[in-house]
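Pasting the structures here.
One chain, chain A, links the two complexes that follow: it is found with chain B in the first and with chain C in the second.
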Partner chain A sequence: MIIADKKPIEEIIEAIKDYKKILILGCNECVTVCEAGGKKEVEILASALRMYFLNQSKDVKIDEKTLERQCDHEYLEEIRNTVENYDSILSLACGVGVQFTAEKYHSTPVFPGVNTCFLGATEERGVWVERCQACGKCILASTGGICPVSRCAKRILNGPCGGSSKGKCEINKDLACAWQLIIDRLKALGKLDEYEKITPIKDWSTDRAGGPRKVIREDVKQ
Partner chain B sequence: MRLEYPSNIKIIRIPCTGKLDIIHILRAFEKGADGVYAVGCLEGSCQFNNGNIRSRKRIEQAKKLLDTIGVGGERVAMYNLSSGEGTHFASYAKEMNEKIQKIGPNPIKLAKKRMAA
Partner chain C sequence: MTLKSKLEAGNFAILAEIDPPKGVDVSMMINNAMKVKGDVDAFIVPEMSSAVMRMSALGGAMILQSKGMETVMQVCCRDRNQLALQADILAAYSCGIKNIMALTGDSPTIGDHSQAKGVYNITLLELIHTIKILQTGRDMAGIELTGKPEFLVGSTVNAGLKGNDLEVELEEMNKKVEEGTKFFITPPLFSIESIESFLNVVDHRKTKIIPTVLLLKSVGMARYMNRNMNHIHVPEDMIMRIQKAADKKAECVLIANQIIKNFKEEGFSGVNISTIGWEDKLPEIIKGI
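On to the complex of A and B.
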């Protein structure tokens, strides 16, 4: 899922302080799971902002709404009839949701309420870790299911590098060396011969190097 | 025991302090409460293992948030006692009441009156 983190409330206040009718728009998907922008976070932020503005003797209307998703037209359409009641939207969705909302309602300013961080997983509650960089050409089949693109600081495809020491990465002694993990995993799977194969230069054109990306599926496209 | 505690304290019962969420604390202040405190079981003796620890964390988060928005984090607190410690319950209530009386009324309540005038 997409992992996001809450923006400091001071930064949010600075962005929306001149608006009078604000809709705080949450998202029921990834940001709910990583506890950054779901219904609960919308409620807390709305309550805190209402009190902040009241304390400043400012008459600001703050409403709450949480959509199933903000990255699909059909769910964003749910606010079509009410969006005109607001002079700004504070979206707690990931960067995708913020942009899609802004594209759809282009006359209403949309502000982000979270910092979108990475594609990751929940290691434990409150700890989220990066597991994918969406490079567009998955190589997990040959690396024992451990991704050197997202988990190796250098993204090297034939590792480890000289900075690997006792299974840890040189950039942080608490960070596991991805290539050590790959070797251990391939060994456990009895597939160390995979490790012996030299991986050719990766085609990075499917990554960000090729500019903004698009997936078109003719089989499902209408 | 027939202990007395300040009559301006309204008790809201929850199954475990682990049920307490930040939004419950914020709503109380939005509705005009001058202070909010949670009274949980002693740390280490939660029936649900860590409900009171969770509650303490949420109290701490609420404190920070209330400080940021100008309501005052000192208006929230967490106390721990066992169900047999009625005397502590009464003394914590008095302590919290005195603290809040010193701090004064909730600024949100005053702002609402100011805005309505």
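On to the complex of A and C.
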């Protein structure tokens, strides 16, 4: 899922301080799971902002709404009839949701309420970790299901580098060396011969090198 | 007279683009440059233009400098992060390169290594700012340098834009000036009329605007550019001249020569001649300028 983190409230206030009718728009998907932009976070942020504006003696209307998703036209249509009641939207969705909302409602300023961080998983409650960089050409089949693109600090495909020591990465002694993990995993799978194969230079054109990406599926396209 | 002093004195400067080789044999690059040494004020050495891999601008510029020719080294945001850019800029200065031209750089997607990752860690304006910072004797991290470089800094301006696009371009141009840019190279121009909108707001006698004069090679090339390249316009009468000429190559050279004379008469600061492979035509192109 997409992992996001709450923006500091000071930054949010700076962005919306001149608006009078603000809709805080949550998203019921990834940002709910990582507790950054779901219904609960919308409520908390709305209360904090109401208190702030009250203290400032400013009359600002703040409403709350959480959509099933902000990255789908059909759910964004739910606010079609009410969007004109607001002079701005504070979206707690990931960057995709913020942009999709802005594209749909051209004349309403849309601000992000979270920082979109990475594609990751919940390691434990309150700890989310990166596992994928969406590079567009998955090589997990040959690396024992551990991704060096997202988990190696240098993204090297034929590791480890000389900075790997006692299974840890040179940039942080608490960070596991992805290539140590790959070797251990391949050993456990009895597939160490995979490690011996040299991975060719990666084709980054499927990553951001080729500009903004698009997946077109003719079989499901309407 | 250096390029810097020539531009400062308001004299017409002749620049010529000269690509380093795709390989290690630099004899053709040197030979072509030597033919016009003394007539050309400085050679602009592109940084892998169109994202086609070749010898670096730093390498090419150093080789030309070692033969006594002044250069303008291009530096772009595409291939290096902040560390590498600063390192190479410092190296360039210490190797005698005193003129630098900052660009964004074409995306690797359009070049001959389309699988490569573009770096673009910093933007063009940030790159120009970086050059300014280095000249104060500090690096981007604020750490003091041993000695400081001193460059004549140039960049690009798309003078062929109109309307809103032109407004945005002018805003960026002003920011570049604020960051220390002293001259601007335009994309290929074939007539002054094509940049009328630009000249209505920019005084080319005050701001150092250096149009690129591209040597046309054929009617096909001219028509291709008119069809496919935004903001580049080859006038139809120019195309007809080439079409009707008995010696088409000679006519192309003559046209380039006349365009240069025209820009000089109009008070531009200089020209940048781009011959893309026909560098041996440079002596004829600049004859009588």
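Please note the rule applied: the second predicted complex is superposed on the first by the 222 of 222 C-alpha atoms of A that agree within 3 Å, B and C clash if a C-alpha of one lies under 4 Å from a C-alpha of the other, contacts with A are read in each partner's own complex, and residues count from 1 in each chain.
Note that in this section a contact is a pair of C-beta atoms (placed from the backbone, for glycine too) under 8 Å apart; a residue touches a chain by one contact, two chains touch by 3 or more.
From a predicted model like this one, the values you see are computed outputs, not experimental measurements.
Enquirer: Contact-wise, after the overlay, does A:Asn81 reach chain B, chain C, both or neither (first, second, both, neither)?
Expert: In the superposed model, A:Asn81 contacts neither chain B nor chain C.
Enquirer: In the overlaid three-chain picture, which partner chain does A:Ala209 touch, first (chain B) or second (chain C), both, or neither?
Expert: A:Ala209 contacts chain C only, not chain B.
Enquirer: Mind working out whether A:Asn172 is in touch with chain B, chain C, both or neither, as first, second, both or neither?
Expert: neither
Enquirer: Who touches more of chain A, chain B or chain C?
Expert: B
Enquirer: Is A:Gln222 touching anything from chain B or chain C once the two structures are fitted on A? First, second, both or neither.
Expert: neither
Enquirer: When the two structures are overlaid on chain A, which partner does A:Ile201 contact: first (chain B), second (chain C), both, or neither?
Expert: second
Enquirer: So which positions on chain A get touched by both chain B and chain C?
Expert: none
Enquirer: Quick one: in the complex, what on chain B touches chain A?
Expert: So the residues of chain B in touch with chain A come to 21-23, 26-27, 29-30, 65, 68-71, 107-108, 111-112, 114-115.
Enquirer: Using the touch definition from the top, list the residues of chain C that touch chain A in their complex.
Expert: On the chain C side, the touching residues are 107-109, 114-118.
Enquirer: Which part of chain A faces chain C closely enough to touch in the complex?
Expert: So the residues of chain A in touch with chain C come to 201-205, 207-211.
Enquirer: For a test of understanding, state which residues of chain A touch chain B in their complex under the given definition.
Expert: Per the touch definition, chain A meets chain B at residues 9-10, 40, 43-44, 47-52, 54-57, 59.
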